[in-house]
Amino acid sequence: MDSTAVAISLKDNISSLSYFVPEFILIGLMLVLIIVDITIKRESTPWLGVIALIGSVIALVAVFAQAALPVTGLFNNMLAVDPFSWFFKLLFLGSMILVVFLSMTSLELAGRNVGEYFILLTATTLGMFWMASATNLLTIFIAIETVSITSFALASYLKTVKRSSEAGLKYTIYGTFSSGLMLYGFSLLYGLTGSLNIVEISKILASSQPHPLTLFVAVLLILAGFGYKIASVPFHFWAPDVYEGAPTPITAFFSVGPKAAGFALLIRFFNTALATTEDGASWYPVVAEVNWPQLLAVVAAATMTLGNLIAIKQNNLKRLLAYSSIAHAGYALMGTVLLTREGVYATMFYLVAYYLMNLGAFLVVIICQELIKSERIQDYRGLGYRAPVVAAAMTIFLFSLTGLPVTVGFIGKFYLLAALVRGGEQYIWLAVVAVLNTVVSLFYYARIFKAMYLESTDDLTLTRLQISPSALVLLAVFAVPTVFLGVYWAPLFDWATASVKFFAGL
Amino acid sequence: MLSNVLSWIIFLPIIGAALILLVPRNEKQTSIIRWISVVATGLQVVLAVFIFMKFDRNTATMQMVEQAKWIPSYNIEYFVGIDGLSVSMVLLTALLSFICIFASWGIEKAVKGYFALFLLLDTGMMGVFCALDFFLFYVFWEVMLLPMYFLIGIWGGPRREYAAIKFFLYTLFGSVLMLVAMLVFYFNVKDPVTGGHTFNMLHMMDQTLHQGLLSQFNVRLLVFAALYIGFAIKIPAFPFHTWLPDAHVEAPTAISVILAGVLLKMGTYGLLRISYPVLPDAMMYKPFAYGFVVIAVINIVYGALCAMAQKDLKKMVAYSSIGHMGVVMLGMSGLTPLGMNGAVLQMFNHGTVTAMLFLLVGVIYDRAHHRDIEGFGGLSQKMPIYTGIVMVAFFANLGLPGLSSFISEAFSFLGAFSSTAFNLRVYTIIATLGIVLVAGYMLWTLQRMFLGQLNPKYADLPEINGRELFTLVPLAIIVIFLGVYPAPVLNLLEVTMNNLIVVMKEAPALWGMQ
Amino acid sequence: MDNPILTQALIVLLLPLAAFVIQIFVGKRLPRQGDWLPTSAIFIGLILAITLFGRMLANYDPAFKISHRFDWINIGSLQISFGILIDNLTVIMLVVVTLVSALVHLFSIGYMHGDVRYSRYFAYLAIFSFSMLGLVLVDNFFGIYIFWELVGLSSYLLIGHWYEKKSASDAAIKAFITTRIGDIGMLIGIMIILATLGTFGFDEVFAGVADGKLSGGLLTFAGIMIFFGAIGKSAQFPLHVWLPDAMEGPTPVSALIHAATMVAAGVYLVGRTFVFYSADALLFIGVIGTITAFIAATIAITQMDIKKVLAYSTISQLGYMVAALGVGGYMAGLFHLMTHAFFKALLFLGSGSVIHAMHHAYHELHDHHSDPQDMRNMGGLRTKMPITFATMLAATCAISGVPFFAGFFSKDAILAAALEKALTSHNPIHMVIFGTLLLCAGITAFYMFRLVYLTFFGEPAKKEVHHHAQESPTVMTVPLIVLGVLAVAGGYGHWFEDLVTKPDLAAYATTALVSPAVPEAGHEAAHTAHTMAMWLSIFAAGLGILISTAFYYWKKFSAEAMAERFKPVYNFLWNKWYFDELYAKTVLAGTHLFSRISGWFDLKVIDGLVNGVAKITVLGSRLSGWNDNKIVDGLVNLTANVVGWFGATLREVQTGRVQNYILMALGAVVLLYVLQLAFA
Amino acid sequence: MMPVGLTHFLVLGAILFCLGLLAVITKRNAVTVLMGVELIINAANINFIAFARYLDKDLDGQMFGVFVIVIAAASAAVALAIVLNIYQRMRSVNLDEADSLAG
């Protein structure tokens, strides 16, 4: 490497820094948190949440400021700034802000030292930022590991609670193992193409004849890494245990943030590295021998079916939502199997919808942990009469999760199905599997509102439960958009459509 | 207000529901809520009458159309309008909703929720009958599920939870298949203006705009089958009918009325509104056409036999609905003017008659707290007025001339038999068995409950009261009036239905079928 | 509509309807519970009908026919109008119906006095009169079907008038259902007519048949199907079983509906649509009529209930009429319909009078258990009830075919027609028909005189009852006398034959190519047949009366001894050929069985299929250790349970051991690889 | 003697990978399992470096290897901390005993 090249790359690195403001803010937030955590007294730790909140809001503003930036590669194309990553960054910050809120109201975390907690949360968000914008196998690996390692710690954050520790252990072992597989896959892909940049990989794969078996094994191993992040079958096994064991706000976060990040990565990787666009509308697999779409379709079908089936038999609401989140990963995956624009924006739309309704449902779980001190479905009995607002909000979220009009969940599902039907006859079976899964999912969601409204409450004293105003506001923050976007979703849709624009090399 | 009368009639109940939710908690709350509901549905009836007066009977085109962009990027529109098929259903819905508010007077538990949900349901029903955009149609279709689930599940009978979830799962199963079919339509029908995709039902009905997948015959058949399952569950057609007895039995009176009076019609309405005109060739495909008739005949005969076996009065009425909806399907299958008009008229008439029956069941249940047919006896001595109305309803149900169902049933049978498109004679003859069976179980029930010696247990049963009479008498008048002179309703339908038949008969040539 | 005849006819039709509407709503509050309202309505109708009749006699035009149609329903090209058709037959029927109905109304004022539902009863009578008049007036098949059902309804309501008695409500249901089975046939016939000819109007249909648009086997089938309606309503074999039970209704009702008018509607129907029937259909009709006449006559021999005897006699006479039409005796059949209406109504009203007296007597004696209708409890009433006795005797002579009574002429005409057909057709079946009808004439005479002897002659069975029995009030005897006069005089003059002519299909043909009419039997043969039939008829009636007198008046033979001697035959007849038992065991039990099977099938199999199989439930709950008895709710629920079972099984996979997870994930990767090979 | 080529490295990597896999699946001790994971990661690392040496003109592969080592260390540190925590709670690091979350 001669000196001019070094100079150019150095210049690129320096000029890239100006695009890196949100990430810097997050890093700065971490530092501030560390310092404050050391200095303040133990009883004032709640203030840490406020600081985290302020920091993330600032980051949000910074991300917003990047709205009009052109599609650019940063740090010698290690990362990308494009509408696609922008969309996800907003989503991640949104989930972070809300999870900070949830954490501040959570009983599980009350009285603990939450300094490290917020630091880890910020770090995870940072990792997710990278996941959404990584365009190089190395940055992909770093981003995933950043998220993973901090997640391991977050999952086992309740050190004194056995199931939290256990969850952390399982998560760690499963996570590192998956990373190992992925890494091995990366090495094979690198061996096949001699490049780490996914745009270049795509070009080289298209112009040479890679050994199909090797390529396939490599991608399958990589899929293990991504699949573990989005908790798709067959890499989902960790999810229920971890979701149940982790602190509830973290469960909520896991089910939305890293999952969305995994999808961002998956979409970018498959659509950029393994496919090529011809007319700007759709991609085609660069290696004709390997039928990625159908392979992913099978994975999607298996994911949603398995998630839904197991969820039926759950009694613990958190665990039920864990399985349901697996099923929803399956739905969202439907959009990515197609390698079409419709599929991608449908997935993105669905992730936003899922973010609203799933976090909303977890919010109710958190509120109810305080109200009725239980996560078991049968203890939700009579909630419709004891806490009508909470129950009504929960009903909205559950209907949205089921995918019934007029909620955003329906619209999300609608676009996914539309993308499938648009994709051609060969995907209609998947659409049918998906809608039948909707019916199955109703079966267990219905158990919840059945408990809340229908079951006999003769043996209960139906006193009204006191709900804090902040909880009500938070509920409204989730419930109102869930319904409103179900009636008028054009802005969100337009945004999602406009965000299907990837960095595709220089 | 009159220029967008359909929007008003659809959304009035929602406004009422919103007001109800705002009613503060105090001792007068219950009656305020009730009266808000009365006003909302009453205004709906006024609008329905207005529509009835203003409706142009001489055209098959859509009337009182309102069209507005909703989600332009996906070409989803707020598009409502009515033709002869929908207008009768709109009238029926407005009427029954209004009556059901009064039938719900006795609800004590969570009054606010009940009426709010009821009005939401009302909006859903109206919307389904007015929507001309498939997406809108689907949204309204699904909107009905949630209130229905809770109305059965919270205010229902002892097995309400089971019945509610069964209803919910069944209907959701049907509607999600419809969703897939809808998407196939969307992507394979060309918008004649923009050349893009469209949810506009009127465009879907134009066969020349079909392209892509929809130009393959086997795909059309599959889509038709998917739609059919969705609608058949609502009708309910054998063998998708088992949700109905449970739901009807467990639901509170007013909800049974709505369920049987309006919701069942949505199945056949959907077939006539969507399946028939959009995929006429699939309906004309012989195996489908004959399969359809076979199911209709099974519905009629099997429904009647099952009804005869019931000991629970409400369940008997529920099974009798299955049989009568079979008559609707039979009438639709022959593609004759007589049959088609008879079928839609039967939808209307069954709506009123079965509403009466369920209201009557509710009256006796409120007094005796059971519905066991064998457990009564000689009630006519104690409740002569009630018995009189029961006899009108029962005889209407068994198709006695002079009462509304007779004409529609006779037309359905005659229409199917005289079909030129298919040879349905043998099927129709088998179906006539149902006429005898219906008479059998209706009269047998009448005898066991009302005739004979008065059961001493009910020696002090109070006679039907004014409010209950108020719900029943209008229906009875309609039943008798339409039995003598059905033209007011038939006039509404005729042009539309005849036009539909023309479309259907042209289809085979258009699609090159033999 | 400016024709006064039409206006009159419409008024006749609508008056009872108006009376019904008023009576049903406010009847109870009117003075005398409103009995005068339907009664006067029908009497006005009677007067109008008689003026129409007078005009008809004055004009003496056999081809007289006017009709008018009102728009009712238009669907596509099909117009269903409410049309009325008036010709001589209609006018005669109007008179018969209004006359009998008016007299029955009058009679009922006395008979039903003090009944709990007195006003309701008159309302029902009014709706019946309306329906029956409509049936007579209407000009198309659809209208016939409508009124056909409506008379069925009124019959149901009136039979079940005393519904506190289970037997009454049972009988009402039986009547409705049984006749409805016949109606189904009629509906099928109408469907064939609509499908082939596209119209309901009589004239259009006959024109279509004449033009050959409906012909051959289908025409025969359609005819038989239409006739099925008559089988039900006119209580022909095999649907005759309802009529005897219908005697549970008040006796005036039996006289009106189940003797004179409604049951004769079937005969009227066949007459009205006579040209519609092909030769084969007519043969079928003749055979059915004959079988009915014979079966019912034999049963009547053994019955002891006075109304049952009359009921079977009615069935038998209806069979007679139907058979007459079947052998082409158009005029004869309808003529008998008219005379029969008079004397049978009289017989029923007379028996009503007797029952009224017996009931009254029992009432005085505080005996609430004895059956006032059982002839074994009667006897010797001749002296107590002279008017009733005299009029009933006249009617009995009429029905038995004693010369110079009305029935003699009509019965003779029927036998003559049958013989004529037998002589000309060379079909042995027609010979059998004639023979059977002749035999029935004898049997009729026998059992009718048996009735008179048992009731009015001999020693009173119960002295004290006899003592308390007394003649009925004037309001009841006047109708008896009026009808008595008609039973004697109704058959004279040739006006009926002259005015009611057999319709000819050729008259309807619009195009040529009408199959040549069957050559009429030579005048010679007709004359021979008439003479022969007359003598044979007198002989049969005389023989019947003679045997009856020997048994029951002279007591030369003991009926009991005969019954003992021919025990099996006696039992067979006493039990009405076991028709009820047969139907109960087959049709009824079958339906109930099917119904129960369906109910079970629906609950267990269909619901089970969709919802679940018990085994899987058990398996599912055992595996999951969790039995959601709220959702599954004891009932099997497949979607729930199969799905749930999968859920439970899959749930087992989630062992909680991280290494199992890893292993399974690896296994799945391998599976995906294999799948990929399959795709590629 | 055959010269050492790319294939040898790859086979070595594959062997390491399989050994790691075997350890992860069969061992019950959490620490041993984590060591198995490290073996897998190092197998990948060997691949990277071998590919970089034989195929690529850049140093991308080597660079990747360095990063992997760093990250694997970080990940191992967190993992061991969690294992330690588990040991304090359960007095065991046997993975089979950590199955309270199941079903």
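Order as written gives the chain letters A, B, C and D; numbering starts at 1 within each chain.
Simple rule for what comes next: contacts are C-beta pairs under 8 Å (C-beta built on N, C-alpha and C of every residue); 3 or more make two chains touch, one makes a residue touch a chain.
In this text the structure is predicted, and so the values were computed from the model without any measurement.
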| item | value |
| --- | --- |
| Joint neighbours of chain C and chain A, given as chain labels | B, D |
| Contact-richer chain pair [A-D vs A-B] | A-D |
| Core chain by centroid distance, with centroids computed from Cα atoms only | B |
| Chain at maximum distance from chain A, centres defined as averaged CA atoms | C |
| Chain A and chain D, separation of their C-alpha mean positions in angstrom | 26 |
| Gap in Å, rounded to a whole number, between the CA centres of chain B and chain A | 43 |
| Approximate Å spacing (C-alpha centroids) for the pair chain B, chain D | 65 |
| Chain centre separation in whole Å, for chain D relative to chain C (CA means) | 95 |
| Touching two or more other chains - residue numbers and ranges from chain A | 169-170, 173, 177, 240-241, 313-314, 439, 443, 450, 455 |
| Sequence positions of chain D contacting 2 or more other chains | 24, 33, 95, 98, 100-103 |
| Sites on chain B at which at least two other chains make contact | 161, 165, 169 |
| Contacting chain pairs - touch in the sense defined above | A-B, A-C, A-D, B-C, C-D |
| Interface residues, chain C side, partner chain D - complex | 651-652, 654-659, 662-663, 666 |
| Chain D residues within the chain C interface of the complex | 21, 24-25, 28, 33, 95-96, 98-103 |
| Contacting residues of chain C [partner chain A, same complex] | 624, 626, 628, 630-631, 639-640, 643-644, 646-648, 650-651, 654, 656, 658, 660-662, 664-665, 667-669, 671-673, 675-676, 679-680 |
| Chain A contact footprint on chain D (complex, rising order) | 10, 13, 17, 20, 24, 30, 33-34, 37, 40-41, 43-45, 47-48, 50-52, 55-56, 58, 60-61, 63-64, 67-68, 71, 74-76, 78-79, 81-83, 85-86, 89-90, 95, 98, 100-103 |
| Contact set on chain C toward chain B in their complex | 72-78, 142, 145-147, 149-150, 153, 156, 160, 163-166, 169-170, 172-173, 176-177, 180-181, 183-184, 187-188, 190-192, 194-195, 198, 591-592, 594-600, 602, 606-607, 609-611, 630-631, 633, 635, 637, 639 |
